[in-house]
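So that we are looking at the same thing, I have put the structure below in structure tokens.
We call the chains A, B, C, D and E, going by the order they appear; numbering starts again at 1 in every chain.
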Amino acid sequence: MRILLSKKNQELIESTNLEEVRTSIGEEDTLIWVDLFRDSVDESRMVLTEIFKFHALSVDDALVEMHVPKIDDWGDYLYMSVIAINPGQPLDDIDKSIELDIFIGKNYIVTYHQQELISVDLVWEKILRNESNLQRGSKFIIYQIIDELANEYMKMIEFLDMGVEEIEDIVLEKPDKKLLVEIFSIKRSLLNLRRIIAPQREVLNKLSRGDFSIVTQKEQMYFRDVYDHLVRVHEIIESLRDIVSGTLDTYLSVVNNRLSNIMKTLTVITTLFMPLSFLTGFFGMNFFAASNLLNRWSGVTSFYVVMAIMISIPLDMFLWMRRRDWM
Amino acid sequence: MRILLSKKNQELIESTNLEEVRTSIGEEDTLIWVDLFRDSVDESRMVLTEIFKFHALSVDDALVEMHVPKIDDWGDYLYMSVIAINPGQPLDDIDKSIELDIFIGKNYIVTYHQQELISVDLVWEKILRNESNLQRGSKFIIYQIIDELANEYMKMIEFLDMGVEEIEDIVLEKPDKKLLVEIFSIKRSLLNLRRIIAPQREVLNKLSRGDFSIVTQKEQMYFRDVYDHLVRVHEIIESLRDIVSGTLDTYLSVVNNRLSNIMKTLTVITTLFMPLSFLTGFFGMNFFAASNLLNRWSGVTSFYVVMAIMISIPLDMFLWMRRRDWM
Amino acid sequence: MRILLSKKNQELIESTNLEEVRTSIGEEDTLIWVDLFRDSVDESRMVLTEIFKFHALSVDDALVEMHVPKIDDWGDYLYMSVIAINPGQPLDDIDKSIELDIFIGKNYIVTYHQQELISVDLVWEKILRNESNLQRGSKFIIYQIIDELANEYMKMIEFLDMGVEEIEDIVLEKPDKKLLVEIFSIKRSLLNLRRIIAPQREVLNKLSRGDFSIVTQKEQMYFRDVYDHLVRVHEIIESLRDIVSGTLDTYLSVVNNRLSNIMKTLTVITTLFMPLSFLTGFFGMNFFAASNLLNRWSGVTSFYVVMAIMISIPLDMFLWMRRRDWM
Amino acid sequence: MRILLSKKNQELIESTNLEEVRTSIGEEDTLIWVDLFRDSVDESRMVLTEIFKFHALSVDDALVEMHVPKIDDWGDYLYMSVIAINPGQPLDDIDKSIELDIFIGKNYIVTYHQQELISVDLVWEKILRNESNLQRGSKFIIYQIIDELANEYMKMIEFLDMGVEEIEDIVLEKPDKKLLVEIFSIKRSLLNLRRIIAPQREVLNKLSRGDFSIVTQKEQMYFRDVYDHLVRVHEIIESLRDIVSGTLDTYLSVVNNRLSNIMKTLTVITTLFMPLSFLTGFFGMNFFAASNLLNRWSGVTSFYVVMAIMISIPLDMFLWMRRRDWM
Amino acid sequence: MRILLSKKNQELIESTNLEEVRTSIGEEDTLIWVDLFRDSVDESRMVLTEIFKFHALSVDDALVEMHVPKIDDWGDYLYMSVIAINPGQPLDDIDKSIELDIFIGKNYIVTYHQQELISVDLVWEKILRNESNLQRGSKFIIYQIIDELANEYMKMIEFLDMGVEEIEDIVLEKPDKKLLVEIFSIKRSLLNLRRIIAPQREVLNKLSRGDFSIVTQKEQMYFRDVYDHLVRVHEIIESLRDIVSGTLDTYLSVVNNRLSNIMKTLTVITTLFMPLSFLTGFFGMNFFAASNLLNRWSGVTSFYVVMAIMISIPLDMFLWMRRRDWM
């Protein structure tokens, strides 16, 4: 747990002393940010219930990880739940995302998360470095945090986009099982990301639309800006999903095409040699005795020539197939 | 049939005496819960119609199993129908779910279900253990029951999620008919679950939105909470359905890929040996008499060597195919 | 054409006398039901236009079979068009459904259909048997007819459901062209049924929502009940459509799987025997003269053994293939 | 260009005299229909701009072929654009449809189309034959024209429906490339038709809903009727599209099925003869000298019998394959 | 940077002098157009922030390339972002489109774009040539620019349409990998174009609907016109997407069909020659000595005939296959 306390005409304090928070909540011109992080659930519940007097239901929503972004208006304060990701974290499993629960009052915010969150740390340090960031009030801090989150989404999207482009390059040349695994992994990440973004976008829409009396019109502008970001992220996700589905179609088409080519080769070879083999078989039957007129054909020299051909055929075939990427 | 009767300043009574219910319905400060369970349809109809005077249409809706969640406002009381599942019950057939019909009045609730329902039993016992659960009135009991139902859905979802993950692990390695059966079984369960959840969510939305005068604003909060649960359940279902569809695509891709590889092997083998066989056939024709210069090649030693090779080829092939999972 | 005429304090009359209808339309406490059935279009037009004075457009809508459920408010009366099916009638062609056109006034209803309709007959006979069915007025008759229609839909759905289950059982075991035909027939029936139900549901929604002043609040309850029925029917249809699409996917998967297995067998056999055949061919070439040291191998006894093997191989193969359902 | 001019107490005039139009526009009890047809764009622009004083934007919309149905309210007049088709015209290309631009004033209508339109001609002649058709005012003429258009759509739909049924009959029996071409041609026609109908339906919805003060409530009834027609046409299109997609699935399933059968035959034949051929090869090797004990087998009589068999096998095979539709 | 300055009773000035802009902003009867183009981001920020005093958030939106069309009302001015394309530019990558940011005040517009934009240049030159284009105010300039953009979209659509038609012609005749590449390239272009058009359409809808007090009703007409254009463009895109998906289906069907034909040929050939080969093998076994009765068959003449046949078979096959497009 860590606490930021800013009082009028006083310097910014970073502490862990809850008592000071308790006494300062009601005061005007005070801004408090309590960041509950890796505290035990019981401890956190105590802080939320006893010090801030939040409603039991909203506290439950915060402490149980639901991974479902939402925003509730509880009169004096807003309860808000967003899903964050840390940089470089893959999203093949939704449980790897981190739930960030935020309580926003007029002069305080409480953030709760069970894992470290780079975005929260960044804003925390920014405020420590430059106190003026606190001047604009509690909602502006929230704006900054959510803006950082949106940036993380953007980076992840760009990372996935690169993956998709790579797949698109490879799929026409070398469609194999490994590519299939990659396609499905990206597909799943996009699915998870979309599941996170869509309701989050709705939360920001509510914040920017003026549904909550606690948010001033000027603050709505900022949330509107993040909302636009999220709309864009969502659109790119949809677009990437379309493209990934397309690559899967391409994959199947290319595999099918290759299968068709392989079968053509097989059929050409079979069609050529089956009749020839029949002919040789026909004249190999014992109805006819071997004549002695063409004995040179079955002489030792011929034999060595034939042997040479027999050895060269598999070698040539091997090289030809390698050139066609069959092996 | 079992009855819970709580009067002001009196102890909680659990009985089966309908007469007491009849006389207490109008009294203030009384709370009655009648649980109709495994009673004959006629008996139940009698209770609902004659004692509680419910409208014939709502009684019909309760007694005929429609398996379609809904909520109707009948002025004095709400009629509500939800679909429950018992723990551990598979959902490959929608008829395995249990309809729970609930009548909610100001100071009574009537629940009707044709099969035992663990969720109802749990709440019943909780109340018997701790009477204070009745203090918050009839709607709070309903909230507790529906919350238990939502927990059951959650558990089933988690069970299905595990099944999906298992399938995802296997599909790339060993796509066979058994897996196909499993995929389609999970698909069907998800389909059934979605069919149950979607309208139920709507019922709870109505309860939490303040459509019914009988539900106070404070009670709406609780229903809103279950509603959020169901929204999440629904989203996970949709997401799992997407993933299951994805595994089916993977299945087809992998089978196609394998088919392509098998055909490649066939084509390689055929392409290699067809020309060779033609050559041997050519020189086996009776146009040429056998010369005696290379007789060692057709001697007894050769024969035994050839026999050894002929026996070893199928064995080697068998081992090679086994290694490639063909057998 | 047949007419039911119920006047106050008089017995119920079943007649075909139009004049009596003409004179009774304006009277209070009278209830008239005219069922136009297999009458010529001209005759029907005369009745609708001259006796009941319906607007030309609504009469046109009734007489021309559009097979599109709708409801129009013409002030004094409602014009309503629903699609009915008779029991046991397959629905592979939408034209096999029957349009039932209904005009509902305060004290009369006119039904028009070109083919016999069991649902209408049932209600007609019910009224003849028990006059009290008329007490509740014209809209209650309509409710009873539509309720019967909904029952027919329900029965058809159950029939299709059985078909779907049967298909699901067979598809994994024996996917053949016959099954394909069945799948597409059920698919088409569901498509047609959905096309009928969806707008009909909307018609009943309007009736139950209080859009029409002619329908009292109490009567809305009843229409609401049929509406709920139709909602359920529609949901089951959607769900069955999903399952049928699933079986088609299964079908393709199973066929693909089988193809893959067949190709594997082919490849195994070819891979095994091609090298062996090459070897035998190699030593069958005329470069080498036959030695006399192993003559027992080509003796008469060997010949008969070989002949026995050659006859037994196809027989064994045939049995093996039969066991694998290839023939 | 042709003009219909109907003044009070005067006979109907069909002329090409624009001056009379110019002077009559403002008069009451006059009805003018100007049909601009195959006139040059400049001439038409002059008529629309200078005589009727239409706004430049609406004139542009009319003269440039956009093929996008819409309706705009310009105060004194409505500008409306619908897409028509002539009977028997295929719709595989959207450009083969004809744009009909209509300006509707209180006492005039102006129609503009670049190609002959049977529907417009029909209404024109109907009015010439029976002047009373003009009594009901300008909107009634529009209703008649649009009703004719809707009939053309209906006929085209029926034509396409027949095509779909034909395809359904053939697809299970004889799925070939020609059928594929037909399926895709119908698919495209349906796509084009839907693209035309959907916005047109919206135009009529607006006309029938009372969005425009120029349209009386009684006239709305008529447009409502055409609207219902278009709704039905749209529904049938959607339904046909579903069925056509179904036939494509069937096509693929049947082709897949057939492929599977062909491969089975190949595998059966190969599996039978490969081991046999190996055996014959084995005893054809030169390790063993030919014995003379079974010389009758390689005698001349045998030879002729074998020759007969060798000739009959391909013939039999050919007949067998023909019977299985392979050739 | 370039500036157009039009003052009352003065000639139009084209300059780069910012000071004159600064002093003229407040004046009535002045119209200013500042086109920021290829200026550094810092310079542009200075102009937007210091001279025009735009809000920091809107300036950020303009300077950071988001490629997401939107419109924001900032009271005195509108901020608008549209996506433009230059003629002949392929759209396989969304980043090749150009963001055009527009600030619209009562008597000024500011346009900002990082790359040259032909549409902007065209309008600029049009105004220079004919000053009267400025008479209609700032919104009319915007209308002209957006109209030019819409024309570019239209041209691109027509180009893509041609590509689709070409593909449709080829797909049935010659489905190969190159075509696949082309299909997916067009698919991607359509996807990108749709992603650009859809929100842009929404922007114009807002402009034409009267959401902004700055836009007069007459000006709304013009924006409505472009809106209709964009609706049409969007519809054609959707329709082309459907057709492209269709061609992919055709592609797969045709490839599948061809595969089926190839396999048929293979099976026919194998089925014909396998039994024949067995027969020849049978009589080639060393159980039977060669008789001397048919020695002419294995004579030198026969040999040359057989050699001729053996050489002609591959040649004939080659020609036959070429005719069937296999090679």
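Following the convention adopted for this analysis, a contact is a pair of C-beta atoms (placed from the backbone, for glycine too) under 8 Å apart; a residue touches a chain by one contact, two chains touch by 3 or more.
All values derive from a computational prediction rather than experimental measurement.
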So using the touch definition from the top, which pair is joined by more C-beta contacts, A-B or C-E? A-B
Work out which of A-B, B-E or B-D repeats the contact pattern of A-E, with more than half of the residue-numbered contact pairs in common. A-B
Calculate how many whole Å lie between the centre of chain C and the centre of chain E, each centre taken as the average of the chain's C-alpha atoms. 44
Express in whole angstrom the distance between the two chain centres, defined as the mean CA positions of chain C and chain D. 27
What are the residues of chain D that contact at least two other chains? 252, 256, 259, 263, 266, 270, 272, 276-277, 281, 283-291, 294, 298, 300, 302-303, 306
Classify the chain contact graph as line, ring, star, complete or other. complete
Which chain B residues qualify as touching chain C in the complex? 55, 57, 60-61, 66-68, 70, 72, 94, 176-177, 180-181, 184, 187-188, 191-192, 195, 199, 248, 251-252, 255-256, 258-259, 262-263, 265-266, 269-270, 272-273, 276-277, 280-281, 283-286, 288-292, 294-295, 297-300, 302-303, 306, 309-310, 313-314, 317, 321, 326-327
Within their complex, state which residues of chain C touch chain A. 284-287
How about chain C: which of its residues touch chain B in the complex? 172, 221-222, 224-225, 228-229, 231-232, 235, 239, 242-243, 246, 249-250, 252-254, 256-257, 259-260, 263-264, 266-268, 270-272, 274-279, 281-291, 293-294
Can you list the chain B residues touching chain D in their complex? 284, 290, 298, 300, 302-303, 306
